[in-house]
Amino acid sequence: MSARSPLPAAGDHVERVELAGHIIDSLLLPKVLDLITAAGGSFRIEKISIGHDRTDPSYALIEVQASTQERLQQILADIADHGASPVDSKEARLVAADFAGAFPEAFYSTTNQRTEVRIGGRWIELQNQEMDCGVLVDPAAGTAHCQAMTDVKVGEQYVVGHAGVRIHPEAREMHPQGFEFMNSPVSTEKPKGVAIRQVALELIRTRREGGKALLVGGPAIVHTGSVEHLSTLIRKGYIQRLFAGNALATHDIEQALFGTSLGVRLDCGDIVEAGHEHHLRAINRIRRRGGIRQAVETGELKSGIMYECVKNNVDFLLAGSIRDDGPLPEVITDTLVAQAQMRQRIRDVTFCLMVATTLHSIAVGNLLPAWVKVVCVDINPSTVIKLADRGSFQTVGLVTDVEPFFRALVSDVERLERS
Amino acid sequence: MSARSPLPAAGDHVERVELAGHIIDSLLLPKVLDLITAAGGSFRIEKISIGHDRTDPSYALIEVQASTQERLQQILADIADHGASPVDSKEARLVAADFAGAFPEAFYSTTNQRTEVRIGGRWIELQNQEMDCGVLVDPAAGTAHCQAMTDVKVGEQYVVGHAGVRIHPEAREMHPQGFEFMNSPVSTEKPKGVAIRQVALELIRTRREGGKALLVGGPAIVHTGSVEHLSTLIRKGYIQRLFAGNALATHDIEQALFGTSLGVRLDCGDIVEAGHEHHLRAINRIRRRGGIRQAVETGELKSGIMYECVKNNVDFLLAGSIRDDGPLPEVITDTLVAQAQMRQRIRDVTFCLMVATTLHSIAVGNLLPAWVKVVCVDINPSTVIKLADRGSFQTVGLVTDVEPFFRALVSDVERLERS
Amino acid sequence: MSARSPLPAAGDHVERVELAGHIIDSLLLPKVLDLITAAGGSFRIEKISIGHDRTDPSYALIEVQASTQERLQQILADIADHGASPVDSKEARLVAADFAGAFPEAFYSTTNQRTEVRIGGRWIELQNQEMDCGVLVDPAAGTAHCQAMTDVKVGEQYVVGHAGVRIHPEAREMHPQGFEFMNSPVSTEKPKGVAIRQVALELIRTRREGGKALLVGGPAIVHTGSVEHLSTLIRKGYIQRLFAGNALATHDIEQALFGTSLGVRLDCGDIVEAGHEHHLRAINRIRRRGGIRQAVETGELKSGIMYECVKNNVDFLLAGSIRDDGPLPEVITDTLVAQAQMRQRIRDVTFCLMVATTLHSIAVGNLLPAWVKVVCVDINPSTVIKLADRGSFQTVGLVTDVEPFFRALVSDVERLERS
Amino acid sequence: MSARSPLPAAGDHVERVELAGHIIDSLLLPKVLDLITAAGGSFRIEKISIGHDRTDPSYALIEVQASTQERLQQILADIADHGASPVDSKEARLVAADFAGAFPEAFYSTTNQRTEVRIGGRWIELQNQEMDCGVLVDPAAGTAHCQAMTDVKVGEQYVVGHAGVRIHPEAREMHPQGFEFMNSPVSTEKPKGVAIRQVALELIRTRREGGKALLVGGPAIVHTGSVEHLSTLIRKGYIQRLFAGNALATHDIEQALFGTSLGVRLDCGDIVEAGHEHHLRAINRIRRRGGIRQAVETGELKSGIMYECVKNNVDFLLAGSIRDDGPLPEVITDTLVAQAQMRQRIRDVTFCLMVATTLHSIAVGNLLPAWVKVVCVDINPSTVIKLADRGSFQTVGLVTDVEPFFRALVSDVERLERS
C-alpha cells in the first residue's frame, strides 16, 4: 500500500484504528479520512481490503497522527462516531455521578448506533440504545445501558470520554433499492406507488413475524378524512401501538360524536357554523365519562381510531402539549412522564410509521435506535427535512397527501393479503 | 334611507351609479363603498333593496361625490371593475390605433369578467373575453371583442377611458357548498375526497353535455406514475383538449419507449444509471420519425398520454419554453404563436383541470374568462397562491399529490358511471 | 325598505335581531344573512342605515324566521358569533357544575371576541376573554369570566345555551392599510420592508406607552444566527416577555458556551464534528449549576438571549414538550401548569411577535383575545396558514427568513429611534 | 491487495479501467464499485493508492467483468460518467448525421463534466461543454464540441457509443467549508449570514479578476422591493450579464413609471385599485417607444434595473414565455432563438447568481458546465430541489427571502470593499 503521509516527526502522537464493514459503500472510509485531515491530523493506511461486492465486508487499518495529544484525542472521538476504533482497546473510564439529574462533566454522549463499551476487558453491548443519553455501567453485573439525563442518580457510574467505546454504524446502501430508493426524500416528483407498496409489505411482514408496528400520527389524519382507512388497518391487526397527542384523539372523537373535524363535515366538506365548538364538547363529554375507554364501554363512543384501539387492544399513548384544549383524561400532561412512557413502549417496536406530525415524529425519532425502520409521511417537506437534520438518518421520507396515502395503503395491503 | 354623507359642497362633482345582482353576498357593495371612500370620495345610498335569500338579486343606487372631476373619474374607473356603472350611460370613446402592436395611450384594459361597451346607443357584449387586452370595436358591424396588444393594427378603433363600459362580475358565493367550499385553498388539512368527487362529477357532466374539458398538465404527471390513470380518462372520453409543454410529452414518450421517467423506473422506483439520457433519446427518436403522430402510426409509440391523444382524437397543444431539450417536432417554439393557438383553442372550453404546472396554468389562467370553472391541483401551495394573486379568482385550488389524485379521480369517475 | 321574504306562515317562529358597527365593511351583514338562509331560515330587513364612510357605524334590524323552534335557536346561536343579538334581551341561563374539570353539558363555548353576558338585567363584560372556555358567573358579585375546562370546580355557575350572550366582533377593515395590508398572508411575493417597518413602529409605540411586547420564539432564531439581533432588542427594552421552549434556550446557551447551534458554527457555517453533543453538554452544565439565572450570576453564562433576559429583567417562560432533551431546570414540564402560567402572563400583553415556532404560536394564539395585535413570522407558509385556520384572525402573517427579518427590524428600530 | 471477486469463468468478458483524482473524497470509487455490482458485473481491484490528505490524488486500477459483452458495455458506459475509463484507449466511433435536427441513433449524450474524446490517437477536450448534447467532431481540424440536437446538419460527424470518451468529474468535497457548507440546501434553519458573505466575496473576486457574473432573476426581485439593491450592484459593476423574462423587466419598468409592482405600491405596501393595469400600460408605453433602450435615451425611463443595465452597459437577455403579456420589444419570443443566444452569452460566465425564478434557473443550469459556480436563492425550497434533481450538482442552494438577501448582500459588498 502506497497511501501514506510524510513520516511522523519525532514527538508526533499516533494511534492505530481499524474500520470494518461496508466501509466503502457506506462512505465510512472517505468520511473518516476526511475527518482526520480536516481536524489537522494525518493518516497512513497500513492495510486495506475491499469486498468484491456489496454484501462482502471490507477492512482498513489506519495509523492516525497528530501534533498534540489533545488533537489526537479529538480526532479519535470524531472518527469513533463513524465506526473507527483503536486497535489497542482501552477500558472505558467511569466516573460516579455527583449530582442528581445531571451527568458528570465529561460524560460520553450516545448516538443511536449500535454501541459497545469495554468493561473489565470485555466489550459489552449497550442496552436500550438511544441518542443523546449517557452510558450507565454496572461493573459488577457487567452491563451497560443508555440513561436519560433526568434519570441520573447520585453515585451511578457513567462513562466519560471516548476511550473504551466503539460504534458499529448501520450500513447505508448507496444503491437505490426497495426502501432506500428515496435518495432525495423531499422530492415531490417521484413515483409514490412503489413506496406505498413497500410500506404495505412492511406492515404485512411485521404482523406475520409478530413484530410491533408503531403509528405516530397527527390530527390531519382525521381532518383529511382518513379515519376509516386507519380504522381498517387497526381492525386487521396491522398496528400494534399508537402514539399521538390530544388533538388526534379529540378530532377523532369529535367526528365519531358529531360528524365533523374542527367543524368541517367530513362527508360533504361543508363547514358547520358553530362547529368549532364540537371538539370542545367532545372533550367535555369524554371527561364527564372518565375517559375514552369508559366512553367505549358505555356505548357512547361507537367508531373511530380511538374506538378501534380500545376494541382491538392497541396500546395507545397520548402525550400532552401546551396547545391542547381540555385535555382528554388519558393525555399524559407531564412531558417527562410522557417521554419515560414512550421510551418503555418503543423497546420492542420493529417498524414505525409517522404521519402528519412534526412534534411527535421528532420526539419518537429521538428515542429510536438507528436500526428500526422508519417511514415519515407528510405533505409538507419541512417535516421530513427537520427529521433528517436532527440525525434520524434511518428515516425514509414520503412527501405526499395523507388521505390518498392511507387509501392506497389499505388497498395495497388488501391486495397483497390475497396474493 | 338614512345612509348619506354631508351635503355636497357647491362645486362638488357627482355621478349616480347602480349596482345589481348578489351585491351583498358577493361582497360587491362593501367593496364599492370602501373604494369610494378610500379614494377620497364620498357616497349617498339613494336606494337599496336586498334579496331575501341567496338566489334573489339585490340592487343599490349610489350617488358618488368627489372634489375634482379627475378624482371622480378615477373612482368611477375603480368601482366599474366591481360592477358599478353610471345610471346615465355614455357612449364608449373610440380612438384609432396609430401604432402596430401597441394600443392608443389611454386604452381601456380588460378584466376577465363579462363586459359590455356602449356603441351607437346600444350595449354590446364583448366577444372573446380575456383579461389584459384592449377592446377592438367595429362600429359599422356593431361588434366588439378583446384584442391582444401584439395583434393591434394601425387604424383599428379601440376603446379609451372607462366611459361606456360596464362589467357584470361573477357572483362569488360566500356559503361553502360544492366547488366553493375551499375558502382557504392552500390548506393541506382539509378533506380532499369531496373535492375529487366534485371534479369527477364535473368531468361526467362535461362529457354528457358535450362540453370541452381542458387538461393543462406538467411532467410530474409522468414522474409520479399517473400516465395510466390519465390514459384511462382520455380513452373514456373525459378529456377533450390537452395543453402541455415539451417536458410532459417527452417524459411520457420516454416511459413508453424505455420504462423510465427522468431516468427513474416507474414500476419499481429504481434509478437507472445513464437513464438521464433516455429523455434525450426519446426526443431524438421522435424527431427522426417526424413527429408524435407519425411514431404512433408506424407503431413505434404504443402507449402513454400522447399515444392516447392521437388514438382518441384529443386535440393537444405543446408550447415551448427555454428549458426544453430537443424539442419534439410538435412543440410550438414561438411563444406568441403558442399563445395565439391557445387563445383559439380555449374558446369553447367549459371546464379546465390544471395539474402540476405553474407556467402553463398561469398562461391559461390569463386567457380564460371568469365564468369557466377551473380546478388547480398541485402538491406545492405556492402554485395555487400565485394563480389567485394574479386575479384568476374562479380557480379552486387543491393542494394534494398528483398520483393519488388521479387514482382517486379515475376510481370516482368509474363508480359514478355505474350509478 | 323592500327587502323581505314571503309572509311568514302561521306557526312560524320569529326573533328580531340587531347588528351594529362596521357591518358592511367588516362583512358582518352579508355573513349573517348568508348564515340565516344557509341554515334553512329566512329574513326580513326591517331597517338598515349605512354609515357614509368607513369610520361611521351602520345598523341593521333583521327579523329572523324559521319553521321550528329548534332551527330558530340554532340560527340565533350561529349568527350570535358574528354580533347579531336579539332585540329582546334575555337573561343568561346558569347551571351549576356537577363535575370537577368538566362543564355542564350544554355549556356556552367562548370565542376570542369581546363578549357580554346578561345577568340580573345588566350586560356584564367577560373578564380574561379567551376562546374555547366556559363562562363562569358570580351572580352575587355581578362578574363573569372565561374559565378553562380543567379548572372547573363542582358548584360553580356556568352559562349554558346562547341566550343572554352577545358578542362585539372586532372590525376587520377591508381596505389595505398599515397592518391590514397583508390580505394574502402566505404570499412570498409582497414587499416586506413596509411590514417590518410596521413591526418596528409597534415595538417603539409599545415601549413608549408602557405596553407589554411578548416575543414567542423557536430555536431557528438561534440556528439562523439572530441571537445578537434579538439581544439588542432586549437590551434596548423592546421586549418585555419571552415565551419559548427548551430548544430555543438550549441552543442559545450552546452558542454562548461553545459557539455552535446544533453543532453548526455560527461564525463561519462550518459543521463541528461531534458538535451535536454541544447542546446536551450545555443543558448538563446548566442543570449542574441549578438553572439559567445561577449560571448568569456565577459568570458562567456571559451572552445570548437568555443572558439578556436575566440581566434586563425580561420575564421568560419556558414550556416543555415531548421532544426536549434534558430539559433545562426552568422548563415547566407539565403542560397544564405551563398553560396556566402563560394565561397569567399574557393578561397585560399589548403586542405579540411570534417567530419560527408553530407549537408555541398556536398555543399563545389560543389564549389571546382578538384585539391584541399579533405578527407571525415564519419562512414556512404553513405555520401562518395553520394559525389562521384555527381562528386567530387578528394575526398578520409575514412569510420571510428569520435572520434577515431581525437584522432589518433592529436597523429600522434604530433608525426610527433617531428620527 | 486482497479485494477480488471469484476467478472469472471461461468466456467472461473483461475490461480494465482506471480511476484517478479524489476518488475517495469525491465518492467516485464507492459509486463506481457499486454501479458495477448493481448492474450484475463483478470487479477485482488490481491496484489502489490513496492520497494522504484531501488535496492529494488517489488512483485505482480495476478489472471489470461481466457475463456478456452487452452487459460489459453497459457497465462501462455507466461508470464512464463517473470518471472510470478503460486503460486500453479506443478511438471514438463517428457516424455521419443522416437527418437534420436529430442525432444518429446511438449518439453519445454529454454530461456537464469536463470531457475528452479520442480522435486520431489523441485525447481532445470538448469545447462548449454542456449537458444533453451530442459530440460533433471535426476530424480534420482535430476538434470536438457539444452540439444541441436542433442544430444538427446532415453529414456532420457525431460520436456514437461510449468508446473513446472519458470524463473528469469535478471533485465534490465532503468537508463543509466555504461554499460547500450547505450540504442540505433546502434547510431553512441554517445561518445565512455566512453564505451571503460568500456571495459578496465571489462578486468582488469576479469584478477584480475581470470575470463575468451572470444574474438570472425573476419578477419577485421587483415585487419584494429589491430594485434599488440590485441597481446598486449594477452601478458598482458587480453584474456583467442579466438573463430574465418579460415579467422582471415589465414590473421593473412599471415601478419606474407608476411606483407599483403588479399594482402594489412598493413604498407603503398599499394595493392601488386598477393598478393591475399598470404593467400593461408600462409594456404599451415601451412598445410605442420602440424598446427599453429608446425609452432610456428619450428620458422616459429614469430608474430601475433595466435602466441601470442600459446605462452601465450590462448585457441583458429577455427570453419569452407563454405567460407573457405584451411582450416588451426586446423579448426573444422564439425559445430556440433564446436558447441559442443564452448559449452564446454564458460561454465566458464565471459566476452565476440565480434569484427567484424556476424556469430561467433550470434553463441556465442546463447550459452551464459543471465547473461554473452557481448560487440559487429562493424562498421556496422546491426550486432548489428541482435544480439538484436535474443534475445541476454544482449549485449551492440558499432558501431565504429575496429582499433581505439583496439588502444584506449590498451591505456586505460595501463593507468588504472598504476593508
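Each chain carries a letter (A, B, C and D) given by its place in the written order, and its residues are counted from 1.
Keep in mind that, in the parts below, a contact is a pair of C-beta atoms (placed from the backbone, for glycine too) under 8 Å apart; a residue touches a chain by one contact, two chains touch by 3 or more.
Since the structure is predicted, the reported quantities are computational estimates derived from the model, not experimental observations.
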Mutual neighbours - chains that touch chain A and chain D alike: B, C
Chain whose Cα centroid lies at the greatest distance from that of chain C: D
Euclidean distance of C-alpha centroids - chain C vs chain D, Å: 46
Distance between chain centroids, defined by C-alpha means - chain B, chain D (Å): 33
Length of the line joining the C-alpha centres of chain B and chain C, rounded to whole Å: 37
Junction residues of chain C - those touching two or more other chains: 38, 188-189, 262, 380, 382, 389
Category of the chain touch graph - line, ring, star, complete, other: complete
Interfacial residue positions of chain C with respect to chain D in the complex: 176-177, 181, 183, 188-195, 219-220, 223-225, 261-262, 264, 266-271, 379-380, 399-401, 403-405, 407-408
Residues of chain B touching chain C in the complex: 1-6, 24-25, 27, 29-31, 33-34, 37-38, 42-45, 48-54, 58, 174-175, 184, 186-189, 381-382, 385-386, 388-389
Residue numbers on chain A that touch chain C, as the complex places them: 35, 38-39, 74, 77-78, 81, 99, 101-103, 105, 107, 109, 132, 149-150, 262, 273-274, 276-277, 280-281, 283-285, 287-288, 319-327, 333-336, 338-339, 342, 358-360, 362-363, 366, 380, 382, 389-391
